[in-house]
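Chain IDs A, B and C follow the sequence of writing; residue 1 opens each chain.
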Amino acid sequence: MKGIVTLLTDFGTSDPYVAAVKGVLLSINPALDLVDITHEIKPQNIQAAGFVLASAFNYFPDGTLHLAVIDPGVGGKRRGLAAATQRHLFVGPDNGLFDRAFTLAPPRLVVSLENPDYQLPEPSDTFHGRDIFAPAAAHLTLGLPIEKLGPPISYQMRFAGRLVLGDQDELQGEIIHVDHFGNLISNIEVPLRQSKDELQYLQVLLAGEPVFTGPDIYEQAPPSRPFALIGSSGHLEVAVRDGSAYEVTGHGVGAPVVIRRQE
Amino acid sequence: MKGIVTLLTDFGTSDPYVAAVKGVLLSINPALDLVDITHEIKPQNIQAAGFVLASAFNYFPDGTLHLAVIDPGVGGKRRGLAAATQRHLFVGPDNGLFDRAFTLAPPRLVVSLENPDYQLPEPSDTFHGRDIFAPAAAHLTLGLPIEKLGPPISYQMRFAGRLVLGDQDELQGEIIHVDHFGNLISNIEVPLRQSKDELQYLQVLLAGEPVFTGPDIYEQAPPSRPFALIGSSGHLEVAVRDGSAYEVTGHGVGAPVVIRRQE
Amino acid sequence: MKGIVTLLTDFGTSDPYVAAVKGVLLSINPALDLVDITHEIKPQNIQAAGFVLASAFNYFPDGTLHLAVIDPGVGGKRRGLAAATQRHLFVGPDNGLFDRAFTLAPPRLVVSLENPDYQLPEPSDTFHGRDIFAPAAAHLTLGLPIEKLGPPISYQMRFAGRLVLGDQDELQGEIIHVDHFGNLISNIEVPLRQSKDELQYLQVLLAGEPVFTGPDIYEQAPPSRPFALIGSSGHLEVAVRDGSAYEVTGHGVGAPVVIRRQE
């Protein structure tokens, strides 16, 4: 039965772990199309994983299942969950990983993965991705009603909500992700309508230092100088044209960011 | 014709090599589903590749073909092989890469890849993965009888067999793989039934130093202190909760490991 | 509608960018098979990307679409293009990325991507891969005539043409790629017929220093000593048996290479 499953983990790509998860998925539903979001989340960095998932999941077609495993509490008391939103399904540990995605797409039902009929026999205490999450995900893609996996639970957000620039005079956030190009991505979202015309009327501070604002596109930015832009995920970013803002500024995850309307 | 082919190489993922192999596979059988196990085996490390393959292959459905190319002897005297086990097919160089997998799943037939009808025209001397192994694999997924690829051969194991903890008082092994999380994975297998209750009654030495035993799961382990556990592949591992045993202990591949029944 | 799309970018694999592109492709055509060529081109290295694409694309079956996005000029004046060659389709920025591929497979039609009907609504200025190239590619795989995407344009080569060893006494080139194994790959192509017998009669200089010639295969090369061979892409390479020519010689991209008929 056709279906798309995305995978997001901190397993890296040099070990047998990702392949074992894919093997379990395909053993239960050989017709699945598997799409890697990434396996290079820094080990056990739940917040970074939540950001990456929230930036990617919504581009996938209706019915896609997102399997995400960043799981420092594996084998302990944290629950596993499956959730259904209006368009998608989600499976993984209940540790805050899905907070950002569920803020954008609230789940209509969340269940705790407790039914051993949809787990591998004798699941290990160290690899629920393979033994519990993958079988649950694969059975859902075969049409299993989500209620069969376990009792409904109420999803509790672990992390702070979204920071969206509205009518405030000032908003304070921080860098939450440094991407492959060295762009510093903040947790401050700026609605697209504002970015094009208004960003030049805003002041942006990175770790207390003003950052150049104005250019919409890389080509218009001065070389080697950090500038603020609204990135493709709608977040306020600091970038350097033909270079790495991470290297040029020396700032990374956790650096404070302020956006302020100019006098 | 539908079919799953897994790929395991030391090609890395920044060159055109993996894509060329996939292009050849899909040119012969466009309906294949291709699943990467990993392409990040350290160049020419046959033993590490054998461990990763053996930890992953068995999770794939019946009929899956495993194409593995770690091939320091390419173009020389080593043979290429195709093999059929009860559930799977295997294609790659005959250099010991399949020892561990074939210990778990003995082949019922192994042939030497000698039939030029199932190779690219004028195969290069440096890239049998693309020119010989990929075409052989793709033709097998189309239903070609394995005997057509070349004469049967007797598979010779190159590496030592498995080390499984049975009734011995002591077993000596070594670290064979350091995973993405810094876990040190040994070649000593401990049957699952024993691990849960009995591991605390065993003494584990890493490079001569005793390692803490007892916790089944990461959450119960003391922070920053190496502890022994039975990993998800059934092998004795040394791990550090929320950290890297590789960094904390300074030991890696080749470090001696002893497991001993306590007095 | 079935179809194969390859992806080649400099996005890396740790961010949501590749997944967003794949999500857009699959939202428009859920039956696509997606094959990564690589996402590890050094940021904005158009020439390296062109080499990797040219070494891989031709192994894919008829009808394959190659989506390539190395795009330092995103949002600026560079055009986006779609092109049809005899066997394949290509989509990406018009910045020279396709020069090498189009030298091997000349396009019969190239169009400028200008029709907003086949773009995401309100495309960003920083991520045309997701907002313009992916939708164009996906619609082509559904059978959209390429002319619908925009007006025809004349493809202009940006980089120098191929360097193929013919009857010259000497040919001067340079290293254009260092692969995962540390092999130094030059832009000098040597037709396969010549390589086997004739390479030993040629002198090869790397950065002015003579390089050993003679062995066809790694096993015949002396250990630790750089030697010249014709690689699997038909290019003159410098390699070291069981080692890295990059580390042994200290030379990399840009190092001059001379091939010369011996007296």
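To be clear about the criterion, contacts are C-beta pairs under 8 Å (C-beta built on N, C-alpha and C of every residue); 3 or more make two chains touch, one makes a residue touch a chain.
Nothing here was measured: the structure is a model prediction, and the numbers come from that model.
Note: Cα superposition of subunit A onto subunit C, rotation of 120 degrees, nearest 5. Two copies of one sequence, subunit B and subunit C, touch each other mainly through non-matching residues, since under half of the numbers at the interface are common to both. Annotation: 31 Å between the Cα-based centres of subunit B and subunit C.
Counting partners per residue, subunit A has 13, 33 as the residues that reach two or more other chains.
The residues of subunit A lying in touch with subunit C in their complex are 2, 4, 6, 13, 33, 35-41, 51-53, 55-61, 64, 177, 179-181, 192, 216-220, 229, 231-233, 242. Taken in their complex, subunit B has these residues touching subunit C: 10-20, 22-24, 26-27, 30, 33-34, 43-44, 72-77, 122, 124-127, 130-131.
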